[in-house]
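Let me begin by handing over the structure; questions about it come next.
Letters A, B and C mark the chains as written, and numbering starts fresh at 1 in each.
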Amino acid sequence: MNWLSDFGSFVAGRWEQLLFDSYLHVSAVVQCVVIATVVGMLLGVAVYRSPFGSAVATAVTSAILTIPSFALFGLLIPVLGLGVPPTVTVLVLYALLPIVRNTIVGLASVDSSVTDAARGIGMSRFGVLTRVELRLAWPAVLTGIRVSTQMLMGILAIAAYAKGPGLGNQIITGLSRVGSANATNAAVAGTVAIVILALVLDAVYVLIGRLTTSRGIRV
Amino acid sequence: MPDTTTAERAGFSADSGSRRSERLRLFTEPVVVLAILGAVLVWAFTGDLDDIEAREINAANILTLTWQHVQITLAVTAIVLLVAIPLGILVTRPWAKGVAPIVLGIANMGQAAPALGLLVLFFLLTQQTGFWVAVIPIAFYALLPVLRNTMVGLQQVDQSLLEAGRGIGMSRFTVLRRIEFPLAVPLMLAGLRTSLVLAVGSATLAFFIGGGGLGELIDVGYKLRRTSVLVVGAVLSAALALLVDWLGGLAEQLLGPKGLR
Amino acid sequence: MSETNTAPKPGGESDRATSGVEIRLENVTKQYGGQRHPAVDSVTMTIPAGETVVFVGPSGCGKTTTMKMINRLIEPTSGRITVGGQDVLRLNPDELRRGIGYAIQQVGLLPHLTVSQNVGLVPGLIGWDKSRIAERTEEMLDLVGLDPAEYRDRFPKQLSGGQQQRVGVARALAADPPVLLMDEPFGAVDPITRGNLQDELMRLQEEMGKTIVFVTHDFDEAVKLGDRIAVLGYQSKILQYDTPEAILANPADETVAGFVGAGAALKQLTLRRVRDIELEQLPTATAGEEPAAFAARLGGRRGAVGLVLDERGRPLRWVTRRDLDRSGSLATAGRPVEDSVDRASTLQDALEALLTADAGYAVVTRSRGQYAGVVGLDSLMGTIRALREQYEDEDGTPDGRPGDGPGGSDGGSGAAHA
């Protein structure tokens, strides 16, 4: 109880800073996810008709995901410097695999009789893609976006090490002030805030899913 | 390797979910990784090294740090296997139906939390440093894939097989050992591979709390502005992660029951 | 409805070996928690050793539940079940099940084990040594018509549905259990394969004489396989428990009649063989005889029919009096005999032959094709009438006891049993 009131006063005292870090955290993640969604879907659309292209795209993006995020930050610092550029690059690269994979899987699993029918009534190739295939693949793509978002929320915490934005700074602050009264408070605030925001974002995605998925294919 | 299930696709997974790209990675990845690793090491060792670089970039130091990294990964994997598989089996027993979502919820939270946050918190709360202080939070973080896949793997076993097993006189334990477990192995292996990747990745953060590992090279190179040290650390840990993942993929191909492939 | 004697096998033509044991259910009830009515309500029945008893009824009637209580996959709430005189509730359920063969619709072959490993599961569980299991596995695969050399090392997914079910039956029989429980085992295969599997099972049972409890919702399958049929209603209530002949001839009530469905009389004809009824005789002549002489023997009755045989006594042509008047030779008179049945054919086959021949008779031949007699429409109708009377007592309700040898030689005489 004692610790809880201590923590409460810590949060109350740094309310604005925490709110600002939270805003930066979510904003960075969301922007990177948007970029990754555009890039990932373009990539998925470009390769999904070729089995070899699909295999290469998924193999490369899954290899990127395998590389430890801290190592990727390390590799990019000499090239891109500190702060926003390496952070955005790392986040976008990590977000690619789930989106690319699910775009390919989603597009490939569209029933060929549906696309044949669309072609049959005179839709153009582009029309079939945008009005039929992507609409039907969208729930799968959205799932990929959800997974990517969850992942990035955690990975962004590491960006604080390379002077990146977000709640990771609270955790790093906590670490650098070991022994001081507020070290644990800062680390707890940063970690818990990330978990809560991740859950909130997930709920937002559920909502987006309901609003953007055709009622005909909703499960 | 099983087809990607929805459960698998809905969570973080190192698995690309496509047979063809798995095969592609199985053959090309080690070659590419070893080539890049070799080139970087040759470049680092043959360059002009100042005192600081020479202190970090030498066979003894690199081997020590790599070994620490491997040890952390192995310890995490051992804990994950020892906790997640029995736990997954326990909560899928019929009498534990109510507990399963709670356990899965906690494991989900564990993974939603940032690995760095878990490490730092555990360090601050225990006021200890070293190997186990790094291993335990990383294990908690990497638990979910094996736990979730064990549960899904056991739950997806066809009820009629369990009934057939009971019907011909297998005890509950025999049904678990001879039917449920072998049929869940492919998914467990896929989960293990993901956990391994998470473990290697998080182990680069162990240096933050004095746990050693290849993250130390990256840290030293960054703080003392020695790009060569930074790159060697980053490339080594990336190579290690890719190789561990490759081994995980190999295990998936070789260890799954034959009749299912 | 219960019957306590182990009566001689109904309809049995051969004295097949009996390796099965008797199963008894006494007031067996299954009540699930939270449900007002029991799923199975106080069922009492005796399944005689070595017989195939088919539980047939609509889905959800509790027939599968009743069967599963025999090997305790479902625990009865109350009542007593004995297998071979042993109270199953006092046995260890796992050991009990190792002694009872079990085959289900989904087959349930373990996908990660080979065909031979699947078949060898139960022998392995009861501790047979490896060489004996291997030997037995080969024997069982042979028995169900799968070449061991070809199929031994295959995995289930490399087999067709029918082959999988054969392996399933081999697995159920591997440890030579006296009792076999089969839950709609042929329900998921195509009709032709199903027919083959049914024939195969009848052949196996002829050799083995196990006690088989077979659950199905297909009444035709029940008629084909069952020595006895238990028609079950809601809560596994036994609506009628009798031989297929008796149920077809005289359904206990409207529900059973509805289940028997249309064409009961035709189904009855499949249960009887030509040898079971008395053959009629027609005038015959050999092909070399003078038509006029044969005409004299046929007599002047209108519509009289005769048969022309070849020199070895095989039927050649149907002739009528008018054919004989118009023709100069018996070898070309009348119409050719196109179809004949032998003494082992079913009466349904005889009816088919009868309807395709203009003469109104089906020719019955002996083993080498010689003429033995004919079956006429009257004798077929007589048989059906007799069956109906045989399974009816004074107040028109069927009695529960199996017929005392309805397969006997009195089939055509129409004697109601005493």
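We take it that a residue touches a chain if its C-beta (ideal position, glycine included) is under 8 Å from a C-beta of that chain, and two chains touch if they have at least 3 such contacts.
Note that this is a predicted model, so its numbers are computed, not measured.
Touch-path distance (fewest steps) from chain A to chain B is 1. By number of C-beta pairs in contact, the leading pair of chains is A-B. Placing every chain at the mean of its C-alpha atoms, the farthest one from chain B is found to be C.
Once CA atoms are averaged chain by chain and compared with the all-protein CA average, the nearest chain turns out to be B. The distance from the centre of chain A to the centre of chain B, with each centre set as the mean of the Cα atoms, comes to 20 Å. Taking the mean of the C-alpha atoms as each chain's centre, chain A and chain C sit 66 Å apart. For the pair chain B and chain C, the distance between mean C-alpha positions equals 60 Å.
Taken together, the chain C residues at the contact with chain B in this complex read 71, 73, 94-102, 104-114, 121-122, 125-126, 155-157, 171-172, 181.
Against chain A, the residues of chain B that register as touching in their complex are 4, 9-12, 14-18, 20-25, 28-29, 109, 112-118, 120-121, 123-125, 197, 200-205, 208-209, 214-215, 218, 221-222, 227, 230-231, 233-235, 237-238, 241-242, 245.
Residues of chain A that touch chain B in their complex: 51-52, 54-59, 61-63, 65-72, 74-75, 77-78, 97-98, 101-102, 104-105, 140, 143-144, 146-147, 150-151, 153-158, 162, 168, 171, 174-175, 178, 183-184, 187-188, 190-191, 194-195, 198-199.
Listed in rising order, the residues of chain B touching chain C in the complex are 158, 160-161, 163-171, 174, 178-179, 182-183, 257-260.
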